[in-house]
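Please read through the structure below; I'll follow up with questions.
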Amino acid sequence: MGQARIAIVGAGPAGVRAAQALVERGVRPVVVDEGRRDGGQIYRRQPDGFTRPYAKLYGTEADKAQALHRSFDQLRDRIEWRAETLAWHLEPHALHVVRNGEAEVLPFDALIVCSGATDRLMPVPGWDLAGCYSLGAAQISLKSQACAIGRRVVFMGTGPLLYLVASQYVAAGAQVEAVLDTSASVLRLRALPRLAARPGALLNGLKLVASLRRAGVHVMTGVTPVEIGGSPRRGVTGVRVRDGRGREHAFECDAVALGYHLRSEAQLADIARCEFRFDAASRQWLPRIDQDGRSSVKGMYLAGDGVRLSGADGAEAAGRLAALTCLADLGIERSDRAEVVQLRAALDKMERFRQGLLQAFPWPHRAAAALPDSTVVCRCEVVTAGELRTAVSELGACEINRAKALCRVGMGRCQGRYCGHAAAEIVAHAAGIPLEQVGRIRGQGPVKPLSVSALAVGGAE
Amino acid sequence: MDSKNPPERRFVRLGETERRAIQVWIDGRPAHALEGDTLLVALLSSRGHLRHSEFSDGVRSGFCLMGACQDCWVRDEQGQRLRSCSTPARDGMRILTSAQEVEWARLA
Amino acid sequence: MNSRHFAADVVIIGGGIVGAAGAFFLRQRGLSVVLLERGLVGQQASGVNFGNVRRQGRYLPQLPLAHRSRELWGRLPELIGHDAEFTVTGHVRVVYDADGMAAIEKYAADARPWGLDLQILGNAEVHKRFPFLGPDVVGGSLSPNDGHANPRLAAPAFGRAARKAGATVLENCEVLDLQKGALDFHVAVKDGTRVTAPVALLCAGAWAGKFSTCFGEPVPLVQRGPTMGVTEPVPYGILPVVGVKSSNPADDMYFRQVKRGNIVFGGSVRNDAYLDERRAQPRPGNTLLQLPHLRRIAPALANLHVLRTWSGVESYFPDDLPVLGPSHSVSGLYYAFGFCGHGFQTGPGVGDVMAELIARGTTSIDLTPYSVRRFGETIGAPQASLATV
């Protein structure tokens, strides 16, 4: 019997650990990543010629980052590594990839998708001004390019990443004006029992807040974003929020880092017709997986932030478990029962912590309903909240794909990544129906824009 | 802060400035950058924006920096489109940030 | 399960552009209408097609119908309060060789007596007028008063107008059973709704064949999926809808730039389509096959990126013509389906013609070429019911 062909999409924590598990057992998987290097987002590797040591780049996670990078470096000759290669579509047993304008089909017997996540955004008036970035962008500019996104930065949103990136900016010598968290601090107390599932992570989080305050950064919780101010030509000039008592606060800045946790990149799972389920705790649709990473489609496994937002440690465990499961399903090697039990237990702990994070830093869904009509929701197509509401009230759109067809929300280049969640919340509120009934923007190929110059090579149909 | 004119630059270098200097051209004028910069960083170290918004007034300066939002596409003088956050800046690149004229359709 | 029961003059099965327009025009003629759509109005072929509103290139005897429809397209705002983004940009069919040139010249000559005036452009002129065309193009035929519209908006707009005019438009209503009694049609819907009407208009597209078979009129309808795509927006500069006339079907690409700047394209290859699939994607390999053909027509497109691809379920007959007109086995039953991938332009016209036929018993449009009888004499019982469709 010839070797089973296993393909892995994504060389972040999940993908690397999946590849490692396969290589350990004599399999040579093909590993595809859109980026130039391995590492994914949280452990993004700096380019050649950059000299900062791991401790400076990754702080408390330096050891983990280094371990992951080392593992990949050791794996590299034992996998088929396809960097700068986008998986833009798939069919049963065929992964469609493109690199540098050359389109190829990679056949597979099994596919492990570790596509990661992006920031999750809630619009606020002015978030389409130049100088407003996602939280992840603020981190990438620092980690990967040693730049701050502006001279005076305000961090706004919610989630542990808010505090992490802000403190990384402070440590790097950037000017941080404020950290504005929409979640009330009392929620963290309530979430403590779940957050205690990972005491190390919890402790790190607390230390971050303390260090920010010591640095003189204005930290506020329980805020309601009012506006990102500025001008179309100049970009951002300031931020206004209301505190828990309804008083308004204004901060001058030339950059805003905005983010509310993460959203899973699940387009490939959607194209493959994996079943999705509505995750009420996070108010988003996620592909259904069993405890070992099997999707509802035979031969397709999902691991990491692309299916469950459990962070980097969770992704590493999930990637390994999915690979072991895949090998067992293919009949290549039975899993070590003890190891599977251990990985499942680790993932259970991550899940508990994830629920705690959701409780402590909830997605502020009510903000969508309160957005002024003039607020841009779809950045790409510049579709406003008012236009979306009109699509519901006058054109009868009660489902998100219908709203997209009628008012263009989600039709832009980002394919709904940054507007989809808020748009669904607005439709639900305007139509007076539960969010689950509004559905999700359907994943369609290409997963990311495909050049019209793309040329099929190597026997692609 | 000058509130009338666009900013001279958006991004602030916090370190790693010992890299080899390169030159990129923005709207026909030379700009200083460093080897290892992404095209986005090279542009935003000398400008406040990357492009003009298609469907609204104003300029855009990228958003996610990870190749997901697709807000940072720029074009070079040959009409080729480049996603600036995921494209390395190379010495001699010639980028245009103003809205492309209808002439694009005649580039054969 | 609800127990709604509607009685009307006409029950329409299928809420695409034909059904929705039919409902609207029946209301204009004073008849009561119930329209049953198992999804949302305009989601199937009517919503996924290319959006061409063209008369050029049609089967010549279809031109009177197409003219009638074109006149309605031009009056959409006054008729239904919405223009569905219909724009008169002209439609140009380009050719790559002398054979192609001969074919479009012949068509232009043949179409003139049918009231379609086309301009034949030679090599120099077609490139002068449309500088975006690639060097392989040697000529073209221009229909100046054709154009394009937004298929995602058109049928829903007709549906809303029909409703506003008093039609009962029921979405998410899947027909389980359609029977003809002594006088009336009796329709049973999955959610328990029932409809009774002396006249039934069947415009269920690719799914219509199952109904017609039950009424003793089987038809050779096959379904196929178009390969559609759309690019990112670029400054508006390509006005006409562009198509290709070639003996090689792979060459047959078409594209149109919308005012916002995106370029919608289709053609060349088709996909399999499945009746139980409500949303379809084209095969990625088929999209890749299209791209060189697209670049050949307009090389500047090479710099753009495809943002989205989609397909759907279109239905075809072997002679490339729809079934339109009365059933020959069941009185009161009318058909309007199977538009072979070119039913968007004629949609409003067909709705109007069927409304006229139903209301007056006659229509000015000759429907003989579209008769269901062309597929053979009717077989089986003239009255039948469907257990499941």
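For reference, chains read A, B and C in written order, and residue numbers begin at 1 within each chain.
Convention: contacts are C-beta pairs under 8 Å (C-beta built on N, C-alpha and C of every residue); 3 or more make two chains touch, one makes a residue touch a chain.
From a predicted model like this one, the values you see are computed outputs, not experimental measurements.
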item: Top chain pair, ranked by how many C-beta pairs fall in contact; value: A-B
item: Chain closest to the middle [Cα centroid of all protein chains]; value: A
item: Centroid distance [mean C-alpha coordinates] between chain B and chain A, Å; value: 25
item: Where chain B and chain C are represented by their mean Cα positions, the distance between them in whole Å; value: 44
item: Inter-centroid spacing, chain C versus chain A (mean Cα positions, whole Å); value: 41
item: For chain C, residues contacting two or more additional chains; value: 232, 303-305
item: For chain A, residues that touch 2 or more chains besides their own; value: 412-413, 449
item: Chain B, residues touching no fewer than two other chains; value: 54-55, 73
item: Chain B residues touching chain C - in the complex, by the definition given at the top; value: 54-55, 73, 75, 79-81, 99-108
item: Chain B partner contacts - residues on chain A that touch it in the complex; value: 34-35, 41, 47-52, 118-119, 128-134, 136-137, 140-142, 144-151, 172-174, 231-235, 237, 252, 254-255, 265, 376, 379-382, 412-414, 417-418, 448-449
item: Contacting residues of chain A [partner chain C, same complex]; value: 88-91, 96, 103, 105, 271, 395-396, 399, 402, 405-406, 411-413, 415, 442, 444-446, 449-456, 460-461
item: Chain A partner contacts - residues on chain C that touch it in the complex; value: 40, 47, 152-153, 156, 160, 231-232, 279, 281, 283-289, 291-292, 294-295, 301-310
item: Parts of chain C lying in touch with chain B, wherever the complex brings them together; value: 131-132, 134-135, 232-238, 260-261, 298-300, 303-305
